[in-house]
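Below, chain A partners chain B and then partners chain C, in two separate complexes.
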Partner chain A sequence: MATVELVNVAHSYDGSKTYAVKDINLSWQDGVASALLGPSGCGKTTLLKIISGLLKPSEGKVLIDGQDVTAQSPRERNVAQVFQFPVVYETLNVYNNLAFPLRNRGVDKAEVDRSVRAVAEMLELTPYLKKRANRLGAAEKQRISMGRGIVRSDTTAVLFDEPLTIIDPQQKWHLRRKLKELHQRLNLTMIYVTHDQHEALTFADQVTVMDAGEALQTASPEELHHQPAAPFVGYFIGSPGMNLFDGKALDGGIQLADTHLPLAPDLAEGNSVQVGNSVQVGIRPEYVQVSRDAHEGWFPATITRTMLTGNALMLELTGENLQLKAIVPEESPLQAGETIYVHFPHDKVLLYSSRQDGGKRLETQVAA
Partner chain B sequence: MSLQLTHINKRYGNNIKCRDLNLSLDPGMFLALIAPTGAGKTTLLRIMAGLEKPDSGRVFMDGEDVTKVHVRKRNVAMVYQQFINYPSLTVFENIASPLKVAGYDASTVKTRVHTVAQQVRISEFLDRLPQQLSGGQQQRVAIARALAKDAKLILLDEPLGNLDYKLREDLRLELKTIASESEAMFVYATPEPLDALTMASHAAILEGGQIIQMGDVRSVYLRPNQIASGRYFSDPPMNFLPATVSGGQLLITEDVHVDVRKLELSLEPGDYVVGIRPHHINVTPTNADTPPHTYEGATWMSAAATVTLSEIVGSDTTVHLEHEGVKLTALSQDVGHFHLGEAVTMHLNSDYMHVFVPSGKLVASAKAVRGG
Partner chain C sequence: MKQVNQRAWFFLIPALIVMSVNAFIAFMTVINYSFIDKLPGLPSLWLGLENYRGVWQDNIFPSALRRQFIFSFVVLAIQVPLGILVALGMPKRGIGATISLITIGLPLLIPWQVVGIIWRAYTRADLGFVPVILSWFNYSYDTGLNPFDAWVTIVVMDVWHWTPLIALLCYSGLNAIPDAYFQAARIDGASRWKTFWVVTLPRLRSVLTIGILLRFMDSFRIYIEPFMVTGGGPGTATSFLSDTVVREARAFNFGPAAAMSLVYFYIILVISYVFFQVLTNVGTGNEPVQEA
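On to the complex of A and B.
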């Protein structure tokens, strides 16, 4: 296993007119479980192809353990890949499928047998070893694909491209957990590409959120949740995503549509927000406080809809010309049509510069 | 419109898709048909549409037997997972095509296309070709086409299955709005519990070619009538724990037990399976007295456990636990960290337990999830 680095990597498919990925600088330490997370078209698959060597970037370098491998083929880089759809030899049995990458590299027979059995055990494929791949379901076939990805001990890194797409929800939980266990057991450098935040956050210790060809933030799942570096990260991480409003910084607070957010005066005196600036205000639905009773500084809002999320109740609210979501416990008696009172706890409010100014996170000090 | 399916049987060779299946839907319902892949959801939708004839049994629409009525004469629309649009026609022409087939005049076609395009928020793309749109936009075109023809029954076969997770989250809310503004009946087949919870008014669980449970979505979710219902309509998966009743105690292990009377249940001595959702299991550092997010009067079963895995999932944290060889999943509604192998205390909220016989049927649900 190895450390993988991208230095000033950019790629254009149309001769520099538009860029699929823009000036990416990222590194993956040896043995880290990481993910590239973003919507369709954000450039994450392009980046994966650049790492594996399937694509040579228009600009920049790929380093493996400090060595420039930009010109090397996937085979020379020794990178294993697991794709969206299982890649198995249908007519071979599971044992021979798993053994294939090893035999291909001339590994001796005893070593092949040892590795295949160990991988089969980890992926719960032992009972199927003698079965032909075409007798198995999609989930088992995908486990074979994963097994083929990790079976070689000399692999530089294992890349996963949305490997759970075709798997049923119940099976997904199981396979996600298996993958995480595999990583903890084997300590491989693994890079997992997905649009699904659940998959990225459960699998990876380090997640890079991408949008429109840019890497917006690379951080732990916890930090992405608590400290999203850009409004898009706040929206994309969390279910539902962060509430986001346009506002204006005033002396001693922020004007949000018809309501005045009475944030402590220090906020506006912070060096990055000037009075009169347009700003964006974010707060996660789970941090929005609601009450049937009026309190000072809380604003009224009407519940337009309620929805179970499976473990909580989501409220859609409209008030003071703001539309927002709040999460309350599933036992909550609140119902659509009610007018309630809403509050944004100061320590949970995040500030960003306006869209025009790039939506940068504004570091601010909130007084107690 | 109302829809009844009575004693439907359908098989392809040895593959039985419907086994004496009965289902009755009232006007205005938005039904989520929940089942894993391959359980026969698509077959059932096709029988409803008239694209497939049952081997036996009947289909009634508004009380009228339509079993032998062709799909074209049933006034139904279908949306598939693989969005189907005519690639050489513009978005406008795609949406207009069923209306033209039905013989509407040009001005009516125009009005209807613009109305539904606005509903699904694709008005600005009407002149484009489908391939110039993103996956989410293409699926909206397919939905618009289904809405445009003013069908009485709209059948959706995992329509969001191919879309990005976040887009799916957004489109669910939109579809719910669209359905609430439409007079059509919606039947939505999906393996995803969240699709059902967010959009549907009612839920039906399909297993072994039969509807094993059907009711309003909240009650089906809160009160599974058998183990399979709880299994398919739960994300993350419900915990199923073997248990015994003896001496007035319900025992999961020696340390995890509760007085049956406290649960206000009457259970004969014997073997059972306890079902409990992950978010009704709390995890605290060792020896902490009360679990977080507690409410007054909760009946907790607490015991020592070891963390085998901790995952942050969106805004929640899933903690996989092991206790005396029993594996459990807990979910806490915040973002926190537990380490592999960490010793913790787990607290099962027994007010939210379901007790099943080992063969699957529900015996009783605890007080917080009982009927009413």
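On to the complex of A and C.
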């Protein structure tokens, strides 16, 4: 168990022409349950391989417990990795699979036996110990993979690379719970890579959102939801994702297509939004207020579609040349085709610089 | 009763005609000959199992069978490990992969007779360069006089000709192994040797099954190459089963030759079946599991 740190890590597969990951600075505290979340191809698997030592980064350093391990092999780092597709040694039985990492390190026989049986008990593999690994189902094989990761007493961190991809939905739930349980019991540093926000948000205490090789934000699931540091984070997390609009900062407000969003007075002195600059405005669908009656400052919009999502009703709206989504309670009487009035509560609106300026979060508030 | 469409049989007729000409009729003729005393221009005489008893009575067939087993065992024992080794050493991608594929595949493109002629030219006591080179080391090499020289020459020729088959099969098998297996082995701290045993070899099982079967059957019916290089000699030192059968037929002993070739055929059938059963079941969990 250990702290893992990445310092200015970057990696290119084609000799510095394009970078799969760019200048990453991240750290994981000892015993943290963490997730790397991002769309396919965002560089999260590359980052994982850099941590485990399967890949040497083109630039930057990997520190484990403050010690530079960039040049070390996976074996020397004692980092375990569980892969997307269950990897088992098919000619060995379950017992010998679990014993494999220990025997490779010359652990003595009694110790091997004790550790293997303990891990098998934890992962509910005891009844299968004498079975060939390749005769088991995908979920059992993935448990064997996990078992090989945690069987060593000196494992510094366990990395999971989308480990539930090919597992059945019911088994998925069971395995996820098992993982959580293992984390609490062993207090291991766990880093879990996934493109599935539900997996990430339910497993981890700390989530890093990645896009296009960059780590955009590292925070708790709540913070990612309420305070996304970049438009992508807001859009990627939540279902549906955050509404995003391009706008222009004017004196005292923001012009969003045909509507005007007033800004708080301190903007005038504030230095983060310059009058005349392009900005991006974000608001989560669950915070969009709708009403059949007109109010001061609300703008009209037509409901183009309604969709039931679990216990809520999602509205797709068009108005003032904006397209947006809103979430209202399931029992709402609103119907497609109606024209209603929409309002963005000032404390729920988030401002970002324009796409060209990198979509950075702007610390300012929209007027009441 | 379920209605079965019988029309499929109709489409099999062309194949059946071709097979009856080149396999079925020929096979039946051989079976027929094996029970009679057949001499051109004379009436045939029914002998029953006499020809089959004859196969085992003198030492011609049994000694050829013994030589055949030794030969097949030796070439398989060399070609399989060597083929795997070559495949492991071949580059996985880029121009190097193309070049090595072509170079290694080259011997497979050469007709068998030509392979025999090439090696004959290399090793002839009067013309070849091999005797010359060996004479520098005071070794007097002559495939026509020394049975050991003849054997080594034929084994080396076969290895040169057929190791590429195993190598190419293993190469395609190796490329089909997902990287995650090797990465997992690295993370689990496995040595290269251990990784080979636990990851690579089990994953090459199916291609190796095909490779070993093909090589066994081919080596067991080898004919033209030793015929070109040594003519089965010196004496009968390199006369393998097919050569022995041909010698018998050339001497107009059609009955005994037919009996021999049928015995020969059944031996290949049985051994191939055993090979296939063993190779497809080893390491798949269908055999008893050893205790942990």
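Quick note on the criterion: the second predicted complex is superposed on the first by the 344 of 368 C-alpha atoms of A that agree within 3 Å, B and C clash if a C-alpha of one lies under 4 Å from a C-alpha of the other, contacts with A are read in each partner's own complex, and residues count from 1 in each chain.
To be clear about the criterion, a residue touches a chain if its C-beta (ideal position, glycine included) is under 8 Å from a C-beta of that chain, and two chains touch if they have at least 3 such contacts.
On a predicted model such as this, the values are computed, not experimentally measured, just so you know.
After superposition onto chain A, partners chain B and chain C are found to sit side by side with no clash.
In the superposition on chain A, A:184 makes contact with chain B only, while chain C stays out of contact range. Applying the stated contact rule after C-alpha superposition, one finds that A:222 touches chain B and leaves chain C untouched.
Of the two partners chain B and chain C, it is B that touches the larger number of chain A residues. Once the two complexes are overlaid on the shared chain, A:79 sits against chain C while remaining clear of chain B. By the touch criterion defined above, A:87 lies against chain C but remains apart from chain B after alignment on the C-alpha atoms of chain A. Using the contact criterion defined above for the overlaid structures, shared-chain residue A:147 touches neither chain B nor chain C, since it reaches no partner. Of the two partner chains placed around the shared chain by superposition, chain C is the only one that A:129 touches, whereas chain B remains out of contact. Touch criterion not met for A:253: it reaches neither chain B nor chain C. After superposing the two complexes on their shared chain, the closest approach between C-alpha atoms of chain B and chain C is 10 Å. By the touch criterion stated above, chain A contacts chain C in their complex at residues 49, 52-54, 73-75, 79-81, 83-85, 87, 89-93, 95-96, 99-101, 104-105, 129-132, 134-135, 145, 148.
Chain C makes touch with chain A in their complex at residues 178, 180-181, 183-184, 186-191, 194, 198-199, 202-203, 283-285, 289, 291-292.
Against chain B, in their complex, chain A makes its touches with residues 39-41, 168-170, 173, 176-177, 180-181, 184, 195-198, 201-202, 221-222, 225-226, 235-241, 284-286, 305, 307-312, 316, 327, 329, 331. Those residues of chain B that touch chain A in the shared complex are 36-37, 134-135, 164-167, 169, 173, 176, 191-194, 197-198, 217-218, 221, 231-232, 234-237, 277-279, 293, 295, 309, 311-316, 318, 320, 331, 333-335, 337, 340, 368.
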